[in-house]
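Below, chain A partners chain B and then partners chain C, in two separate complexes.
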Partner chain A sequence: MSVAEKSKSYRAVIQECIEALGKEHNPSAQHQQLLDVVTEGHKILWFCEALYFVDESKDSALSLLRDWLRVHDDGVDQAVQSYLDGGDDTQFWQVVSRLAAIGRRDDATELVQTRIQNVDSRAMGAAALGDASSSEPIYVAEAALLDAPPDTAEARLDGQFRVWQEECIATLEALEVKSGDDHLGLLLGVLGGQPSALQKSCRSWEELFVAGYLYTRLGGDPADRRKRSFEIASAFQPTHKALLALADSNPPEAIVVLARPGEYFYSAHLADLRSDSVELLLTNSFSEHQLDLYMVPANDQKSLRDYFVSEYALSLETLRGTVQLSADYLLSCGSRGEEILTDILCRMETQSAADPAVEKVFALSKRLSPKHSEVVVRKICTRLASNCAAIGNSAGATYWFTRANDAERAVAQAEASLTSAEIGGCHSAGAEALDRTAEAISVCDNAQIQEKLDYLRMYSELQASLINADEESSAARDAASSASALLGANGGLPEAHWGVVVYDCASILLPSAEASAEAKLIGIGKDETYSLLKALETVSASTGAHRDSLLEGLRQRNITADPEQLLSTVRLKLMRNLALCILSEN
Partner chain B sequence: MARKRTATRMLAKQAGSERKQGEVESKFGEIVSLSGRKEEPVGLGSALGPLNWTEGGGDLMSDSPSGDVVEKVLFSGKVLATVRWLESGSSAVVGSSEGEPGEDFVRVYEDGNNGIDLKHECVHPGKVFDLEVTIGDRNSVLCASSDGMVRLYLNSKSAMERVGGFPQGEAAAGVAALSERTAAGAGSEGSIAVMDIETGVASAERAGGDGIGIRAASRLTSDDFATAGISGFVSLWDCRQGLSAPSQRLRYPRSRAALLCIDADRAQTHYVFCGTDMGEVVCWDRRKEEFPVSSTAPHNGQVWDVRVMNSRPGMLLSCGEDGSVLSWDFLQAAQRGVGAEEYWTAEMTAAELKQLALGKTLGVNAVDVHAKGDLVAYVTDSSTLCFTSLTNSERLAPIEE
Partner chain C sequence: MDVEVLETQHSDVVQDISYDYCGRRMATCSTDRTVKIWSSDAGTGKWRCTAHWQAHESSVVRVRWADPEYSPSLIATCGFDCKAILWELKSQNGARDEWQSTAVFLDSKSELNDLAFGPPHLGLCLATASNDGLVRIYDSADPPDYKVWTLKAQFFGALVANPPARVTAVSWNPSPVDSGGMVVATAGGSSYLWIQDRDRPSWRISKILAGHTGSVLSIAWAPNPGRGYHLIASSGSDGQVILYKVPTTLRPSQKTEVPVLEPLTVLEGHTGPVWRAEWNVSGTALATSGDDATRLWQSRAHDSSQWHCVGTVDPVSM
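After this line comes the complex of A and B, so read on.
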């Protein structure tokens, strides 16, 4: 896509907005102000496109500039018609000066020559009456207009235009000494590029801008040109000053001047266009004040464009729904833009998992580089996990810590859930919470953590089996099988929980009965019994603080009972069961 | 594809063929993309679009010579999250989701003599996550809020009353009106509550019903409702059995699938529909196994709302983050004779999918169709409330399988 096409695309969007805004019936003052801003911005972009992007030839730019003004006509033709319909002398000179100022010197000349014909007719009569002096100013005007060199860039650059302008000024000075003819003086001042004359002749800032461009920009002494630019610019709004800067081939200044806090749209897009067409360098034409305002690295040629585009993006970000537009702009600003976008996404309000903003942030984060995307996901998921943990939702906390790839905290939450289930038993709310936590781990799609916490799933299955183990032998066998797997070499269940697992499984076994009755109701198979006994002996063989930690679960589960006594009871049950298993085999 | 054609057609018309007095020969061409997007420019125009745009009211009907309803847009100034039609008259209720204190609201827009206009507004404490029209009084709306409360908005009084809520820290993710007096609320952390609308007393509660989190809730019958979870599970709750455990669980078998919205066919409540985070609309038949009977992915991005059109059998609306609003005609698909037992299980093709959102917009967060007509209302991240008609649509490009 060429720069011209890009510029046309920008302007087409703005034109749509102008049309849409223009349809409002009874617009408020704020609405009208918005329309004015958008309309002016459209003019600026169009001017920039005409001057810099469509054709490199300055001649073409000059003609396009006049055409641009013709589109934004402010009543010049009506003024001409009004004069032709019976205007007076003052009107004549005003119209001629205005036409000359906006580059329509041919029209101005034609008007002057038409009047000369009329004056000549009268002069012949007046001469007959002895009065021949009334036509002098108009002949001077005609001569000045006809002496003008071709209205081309070449004539301006090679000095012809400047010479002619100096002659106009010299004539003006002579006239001022002589007759103080204000009307002719105004026209000569316009042709000579006097800022005050240009300001008096023009009726709108667009006309003044074109006049300033035609008569003060190309050719001549740069210092003098600059001085006259400042004089004209003093009458302009900041928006218009930007145009002057553009016309003065100083795009950075134009871009900076256009920027106002919260209104970076035009600076951003103009800078974007300019950075595509020519190198956007910081020049010495920046005033110190402007450089203070915008501290951009002087060596980074792109930074001015990136700066304003990112500033515009940040202004969009304050509107909650348009953050994805901000993302579009920021992602065009390289690594710095990506960092800003990462920061924006990390700061977005996402306290609740039910908030659609969470999914929207995740979707936007996928547009970032993997490193930045991970930062955003981690930040949001950690925040959600912390919220879940704060209200006791261990399943949610585990899930979000897992999504955040924070294995340590996910495991900690899972462990807390398991401990709660262990203390409460298989019928407790803790067991239900553990079940949900196990489900959360299974759906979070993190193989590493799923593998690490697989024992949680098995423990949850164990507890589910224990619920019906008293009544269903199949449930009892499932519970024993789960326990055996948990306590095995690859089970993964921390030793701190072995005691309670063994105790729960042993609880399946009947406390005491006749041997024959028990033989018919063996709840746990030989191998599983043996596994439980081995785990029991590991717990029993421990000493000191380690033993205390292994027995803590039993202590929490059975507050009134002595853990040592519980271990003895469990051992007895398991030994009896093992004996029954061996006997039944034989 | 459809939106690109629309944008190009409208902007080419503006740029090329219409000239003001004194305008010079135009050198402008067609729209080209900015910032990498293929379809349309970004920035100001992307937000507003070439629509009949107005800050205030406007006629809903007859904007074109033929009398067809064309798209109408109202700009609200705040991100709109939910919209529901009230069944009395032509009133639409919207809820915002700015999240700043004092910035959110519930508004009622009504189509009156002077066109669509704002009728009522009520400040809402927190983001509005869900709206549900009550069953007894069809002129009132239940609002689920990010502050954990479920409130009743009484349109006749333009006032809001608290109905119930969840413990601090848990948002009210969804609400379902079960009967004239009862409503079910679903909390963002998985809590469930059935509450009396008038007294605010909870007749049943359960903490952590779906531990990871709930995104939406929908009524099935007067005794049961469904919740859609972040975990990819749909939990069905029967109030007669208590809330100790779901009466049934349905599952979407994709890893890390998040179900974002849910609705059911009121006439055949065994059919449940959900929208997912990957642009899919999924259908379950509760009489069969836990897995879906169909899944189609026409959206490019999250599906934020699905609505079964109860007045039109076999038709469904969906909307999503891609800015599209789609109408689904399962009945037409079934009539193609592909062996579907019932029309909801028919295989959808592009022929049965139509695009209703004809303008350029950001994400569409909610959609609803008027119970007695063709009017469709939808709300967007562009802060707009849009109205269109079921007849005002374009056929989609072929669906990517």
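After this line comes the complex of A and C, so read on.
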């Protein structure tokens, strides 16, 4: 797609946007502001298209400009009609000057010639009455207008236009010496490209914009031309100054001038269009020593574009619901844009998993490079995990830390969940929470952490079995089996929890008073009993602070009982059970 | 720029204001010894005070939010009572939230001027700046609890110990690509750039940032989205705002031969002391606040040595 086609494509989209926005009934202030912005953007793009992206040698730029102005008409035709309906002398000259300024010299010439005919008629009559007033200014105006070279690019490029303008100025200077005729002086000033005359003649910045382009752009000393451009722009807002800088063949300056915090729309899109047209170098009207701060070397066009597009995207992001749009812009800005988008996504507020922003962020993060995507996912998941931890939701915290690939904190949360279940017992809320934690881990797509925390699942199964172990022998067997697996070499259960596991399993065995030859084996087989005894001996054999830590679980569970006594009781039960198992085998 | 005045109801000077990571909550602290937490309504954008408590026994001069990776609601405050305190949200009861202290840092015997949480990739750590000339760095040993902290490092921010220059401000290098770095501002007019060895936990001096003729009141290390260098801004009692361009690869220096980094540019405009300098999230706009006005600065897109003031907010008449 060529640059001109790209610009037209932009304008077509913006035009649709304008039409859609224009249908809104009772628009809000923000809505109206948005409409103003896109309308201004449309104007600027059209003007840029005319100035830079269309082949001037085919005169289409000039006609584009006139068409542009006709579309954004500010009452020129009404002014002409108002004069024709009975306007005075002053009105005549204002209308003629205005028509000339905006490039409608043919219409201006026609008006002048019509007036000449009327003046001639009256002059003949007045002469007959001996009251002939001078009509020189009107004839001077006609001559100046008729002497104008064709309004083509060729006439401008080969110097004809410049010569004609200089003649107009010379005539103006001569007239000022003689008569100081303001009306004719205004017209001659316009034709000669005087900024003050152009300002007086135009009624809107659009007209002044076109006038500046038509009459001040080509030829002359660049510094003088620049000075004239800024004289014209002195009374206008930055947007208009920037547009006149465009007319002054200084697009980078326009882009920079248009850049204001929160209002990067113009800069972003102008820079985007320019970056694709690197061949459109600044005209050779500026010599090297005249380059100043506003000049951007051709090889920096891309960075200029990326800078403003990313700043625009940042300002856009502050509006609600535009993060997708911001992302599109930023992803077109290379590494810089990706860094900024990563930061934006990380800062999106995500309170809980139910927040729809979470999935939106994850979806957008997939458009980033793997490195940045990982950063976003980790950040959001860690934040969600911290939120869960803050409200005591260990299952949620474990899940999200696992998804964040933060093994250390996931294990810490899992440990906290396990400790809570251990202290409370199989019927406690802690056990239910542990069950949820185990389930959360199982659905995480993180095999490494799942393997690390698999003991949580087994512990949860143990607790579930213990609930019915007193009444169901199958539940008792399942409990014993889970315990044995947990306490085995590959069980993974930290030693700190062995004491309580052994105690819980031993609790399902019959009390000693019922241990008779006919006593049933309550589902703890020989091997499982042996595993429990081994774990019990490991706890019993520990000393010092290590022993205290291993017995802490028992203390928490049985506040009044002496842990040592508990261990002894458990040992007796297990030994008896082991003996019964051996007897039953024999 | 549009200006909206928030009536904080603090009974004395508001010393600091800090947004949380997502920009939805704000903390203010004051000479009236209190801290207030504000929450923004998502629909209307109006701010509402959700908590208010006395935090220190003297002026509270700084408040900072921890990264939500560690806790969604954890702030640190410091003040002229020589303490730095961590506060965590404990409960939310409709209109009023309850915050509780989780840790108090009492190592300094002089007033604290500034504190800053380290960037999240360095873990949960906190640096404090004190009038005794020392920078202290604390590390949280137990992230889920925030009660247990250890003093990991302390050093004289201005290198000189006798007499030590008061450390007025501290700012971490936010870039996750580089190893730990920090810039420390002092009352002596210079700032000092310290870096942390990758292999050892010690901090070593790298550069001296010169340029101010008075006390440096604020210093800020800019976020770096893709630039090939770092930017640091400092503001001082001399009314100057100075920008420094720092290479991304920093080397430690010998204490006797620390290279001096000259300013990249001086932002002219303030007519009195400039109390605070802060960067936006992309490191492309700088806000400075002085007695005369608050100003917003931006650079020319293609030339970081050229900055211009793009907006001014005059003090609100009381």
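Details
The rule is short, and it goes like this: the second predicted complex is superposed on the first by the 435 of 586 C-alpha atoms of A that agree within 3 Å, B and C clash if a C-alpha of one lies under 4 Å from a C-alpha of the other, contacts with A are read in each partner's own complex, and residues count from 1 in each chain.
Throughout what follows, contacts are C-beta pairs under 8 Å (C-beta built on N, C-alpha and C of every residue); 3 or more make two chains touch, one makes a residue touch a chain.
In this text the structure is predicted, and so the values were computed from the model without any measurement.
By the document's definition of touching, of the two partners only chain B reaches A:Lys6; chain C does not. In the superposition on chain A, A:Ala363 contacts chain B only, with no contact to chain C. Legend: residue contacts after superposition of the two complexes on their common chain; A:Ala390 is shown touching both chain B and chain C.
After overlaying the two complexes on the shared chain, residue contacts for A:Ser332 are found with chain B alone; chain C is out of touch.
Between chain B and chain C, the partner in contact with more residues of chain A is B. Of the two partner chains, neither chain B nor chain C is touched by A:Ser473. When the two complexes are overlaid on their common chain A, residue A:Thr382 makes contact with chain C while staying clear of chain B.
Residue contacts after overlaying the shared chain place A:Ser310 against chain C, while chain B stays out of touching range.
Of the two partner chains placed by the overlay, only chain C lies in contact with A:Gln413; chain B stays clear of it. After overlaying the two complexes on the shared chain, residue contacts for A:Asp343 are found with chain C alone; chain B is out of touch. Within chain A, the residues touching chain B in one complex and chain C in the other are 349, 387, 390. Residue ranges of chain A in contact with chain B, taken from their complex: 1, 5-6, 8-17, 19-21, 23-24, 31, 38, 54, 67-68, 70-71, 73, 77, 265, 269, 319-322, 324-325, 328-329, 331-332, 349, 351-357, 359-360, 362-363, 387-388, 390-391, 393-396, 399, 429, 432-433, 436-437, 439-440, 443-445.
Interface residues of chain A, counted against chain C in their complex, comprise 255-256, 259-261, 293, 296, 300, 303-304, 307-308, 310-311, 314, 334-336, 339-340, 343-344, 347-349, 379, 382-383, 386-387, 389-390, 409, 412-413, 416.
Listed in rising order, the residues of chain C touching chain A in the complex are 21-24, 68-73, 89, 143-144, 223, 225-226, 281-282, 284-285, 296, 298, 300-303, 306, 310-311. In the complex of the two chains, the chain B residues touching chain A come out as 10-11, 14-15, 20-24, 27-29, 31-37, 41-55, 78-79, 81, 97-99, 127, 129, 146, 167-171, 173-174, 188-190, 207-208, 210-215, 230-233, 255-258, 260, 277, 301-302, 304, 321, 362-363, 365, 380-383.
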